[in-house]
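Dropping a structure here in structure tokens format, bear with me for questions.
Chain lettering (A, B, C and D) follows the sequence in which the chains are written, and residue indices restart at 1 in each chain.
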Amino acid sequence: MTYQAPWPGVDEAREQLVGLHLSLVDNGLVAWTSGNVSARARDARGQEVMVIKPSGVDYAELTAQKMVVCDLRGTVVAGGLSPSSDTAAHAYVYRHRPDVGGVVHTHSPYACAWAARREPIPCVLSAMADEFGGPIPVGPLSAIGDDTIGRAIVATLDGHRSPAVLMANHGVFTIGPTARAAVKAAVMCEDVARSVHFAHQLGIPKSIPPELVDRLYHRYQTAYGQRDHPVASP
Amino acid sequence: MTYQAPWPGVDEAREQLVGLHLSLVDNGLVAWTSGNVSARARDARGQEVMVIKPSGVDYAELTAQKMVVCDLRGTVVAGGLSPSSDTAAHAYVYRHRPDVGGVVHTHSPYACAWAARREPIPCVLSAMADEFGGPIPVGPLSAIGDDTIGRAIVATLDGHRSPAVLMANHGVFTIGPTARAAVKAAVMCEDVARSVHFAHQLGIPKSIPPELVDRLYHRYQTAYGQRDHPVASP
Amino acid sequence: MTYQAPWPGVDEAREQLVGLHLSLVDNGLVAWTSGNVSARARDARGQEVMVIKPSGVDYAELTAQKMVVCDLRGTVVAGGLSPSSDTAAHAYVYRHRPDVGGVVHTHSPYACAWAARREPIPCVLSAMADEFGGPIPVGPLSAIGDDTIGRAIVATLDGHRSPAVLMANHGVFTIGPTARAAVKAAVMCEDVARSVHFAHQLGIPKSIPPELVDRLYHRYQTAYGQRDHPVASP
Amino acid sequence: MTYQAPWPGVDEAREQLVGLHLSLVDNGLVAWTSGNVSARARDARGQEVMVIKPSGVDYAELTAQKMVVCDLRGTVVAGGLSPSSDTAAHAYVYRHRPDVGGVVHTHSPYACAWAARREPIPCVLSAMADEFGGPIPVGPLSAIGDDTIGRAIVATLDGHRSPAVLMANHGVFTIGPTARAAVKAAVMCEDVARSVHFAHQLGIPKSIPPELVDRLYHRYQTAYGQRDHPVASP
């Protein structure tokens, strides 16, 4: 994740988050009001803030104005609604991972199955090598609401190329240089969680040699997509 | 379920039920004309009544006017169509659970699988602790059409925090302080029935300690959502 | 199946078949151009004919005018396109089951799984007792294109209350007093094929005593739906 | 595959590819920007070229103008965007299989499960005999980006009637006399991958005798569809 563009302004981030939240719905990653996306943004004074979904609001009723702006401690600085109950976790990630521009949380069903067994998803598909560069790791069982989960996300992802982490008995958190990249990681995480689940249902998948995983990951991160829009960019 | 707002008027309930029935379709909980939602309402004289789906009518053709109004014994008091064949079960719940403002019945497929084996769904996901506060219990095998199922719903839910019950070899009933809350419980019941099914397909999920289940449930019921719209409200 | 209304006219049947074919798509029962629905109808001279989907035409491009009218031997009598390659099977059913007003064929995926193993679907859900009155039986492995399948459908359904039959290594045929009732049977067949599949994935479903199956079937066939539209009518 | 019509012009192919890519989405074969369709076409000078999806572009944003025209070595000859990173594989197929007018690549989930285990999909459904004339074979584990995959596709399909091949730990490639036929093969490949997966989950499917597979394949390839539009044509 080497994206170095300036963070979006708050209004731009608010607008982007409407469409990105609908992506979670369209890709079948969320049920009812669960799940959330946030983006790191820059406010009118040039300060870094985060913009996040309000807590418990229907996806169909989300608007740019309903998004909540918080500082990087998770304190609301603009918006009339309470922020996502996962705000402290997002904020922790933004404080400790200055390269991260977006964070996504879902309870997508196949990923949750791996999370409930506390098993990492093994890297047995080229699409998984492309996006995750190896297995998707599992973080510890944690309470919700304070920054415990944020700490676990950062600690678990350390040393992995994966932008996704499964939290034990809970769900998925993904990160990216932009909120859109984090949403992509959440979509691909469920996609591979599902295919690898299917593969294991009728036997044991064959493994991909680590050198090929490296080669696939490197190619995808550098050669896939458009020249001025490599894979890790918006 | 501590919602104490006045019950909606009959016309308001009729309108709400149109959208809530479409939610069952949109969330994949029903096939053809199966499934139904009812709401406790107050009629023009201030009496408590229930409003429910007509029997065997296509979801796409449901209108506010087609909903059927019954007294709390299940006798039709307004509407030109026959009410759901599960009316007696809904009526029994309203009579014996004065806190209940809405009841939902579905044959959602993953929940039906647990129901066909008569196995409660174990609480191995934080989203399940949030909404159900523990396992989703199973009621007995019952005939359909009289109040046997209503009795079984009330008896089985006694002592559980779960607003959902699986009826053996049959399907799901959920309750809530409002019809909308009961629909949410039906959506979340299928969501967790599915993820826990997936988890069990490849091994045994790890358990969540009971103290953490309690903590997650308490937090979700009190801190999730908007301050003036806690989770258990409309 | 005691529906005794006159069969629809050819033009009415053509129109109905457009919507009913879209129901197959909306319910996920068909891929690409597979599957078909036919209706028994009465032509301008009062003769019984059948109206059926043309072969290999996209669902999105079906119109009333593209439907093909055949006599009850399967010979085209009106329409510029070739009829479904399953026409001989449908025609055989209409000739030998004068109570049948509609026939549906699909390769719906969960039903196909039971069909590939040549296993009847056991009746372990009340919704299955309601609609099928017992297990869904399996017919023999057959070639396609002549009336071999038609014979197998009629012979296999003899002695069953089920309006659905699985054809070995092939798919589903359903019958009904109307084409709409046959489509409903196809939708419910896949719905129960799926839930019972899920149930078996994690254990053995509990059985429903035969007396209760009878009681559920009888109630559903006589008391479900609207008084002037019992379950088996259009 | 005996289709002998002239290849479409470049503009016609560009237009067709928009709709065909949306078919991949509508049939649930692709996640995010993965997957691609190409068509062999004839340019203004009468030379054979291929038209293909640009790399890493959202399906919802694909237009005829964004498609990329390459020669049959995979070198871009028209279009402002980089072509699919699978372009060399497509080009190899067009060079070595002069009968092929379209190539499709997906990571459709059930097919990927068979691919991850490197198991061919056995031919246990009549719909599979119809379209594939036998099992769907598996090609070797390969790197992505050069023509290694193209070679493997051509070599693996040699001696098979199947227009689909699973690439080990990767996904599906399908071919056809037209791009539309290749998309159909991709749709049917996932459909049978899924049904046969379901069949194996609860036991062992019964086999179809090879003579009947032959008979079903022959009938489908010659008698299915409209007389002037046999199954293998556009």
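The criterion applied here is as follows: a residue touches a chain if its C-beta (ideal position, glycine included) is under 8 Å from a C-beta of that chain, and two chains touch if they have at least 3 such contacts.
Source: prediction; values computed, not measured.
K.L.:
Spell out the chains that contact subunit B while also contacting subunit C.
P.N.:
Chains in contact with subunit B as well as subunit C: not a single one.
K.L.:
Let me spell it out: compute each chain's centre from its C-alpha atoms, then which one is farthest from subunit C's centre?
P.N.:
Chain A.
K.L.:
Between subunit A and subunit B, two touching copies, which fits better, same or different residues at the interface, with half of the numbers shared as the threshold?
P.N.:
At the contact between subunit A and subunit B, which are copies of one sequence, the residues are largely different (under half shared).
K.L.:
Rounded to the nearest whole Å, what is the centre-to-centre distance of subunit B and subunit D, using the mean of the C-alpha atoms as each centre?
P.N.:
That pair's centroid distance is 45 Å.
K.L.:
As a quick test, compute the distance in whole Å between the mean CA positions of subunit C and subunit D.
P.N.:
32
K.L.:
Return the residues of subunit B touching two or more other chains; collapse runs of consecutive numbers into ranges.
P.N.:
Each of 201 in subunit B touches at least two other chains.
K.L.:
Which two-chain combinations touch?
P.N.:
A-B, A-D, B-C, C-D
K.L.:
Would you mind writing out the residues of subunit C in touch with subunit B in their complex?
P.N.:
These residues of subunit C touch subunit B: 27, 124-127, 184, 187-188, 191, 194-196, 198-199, 201-206, 208, 212, 215-216, 219-220, 223-227, 229, 231.
K.L.:
Which residues of subunit C touch subunit D in the complex?
P.N.:
Its residues touching subunit D are 31-34, 54-57, 81-82, 85, 107, 109-110, 112-119, 141, 143-145, 168-171, 197, 200-201.
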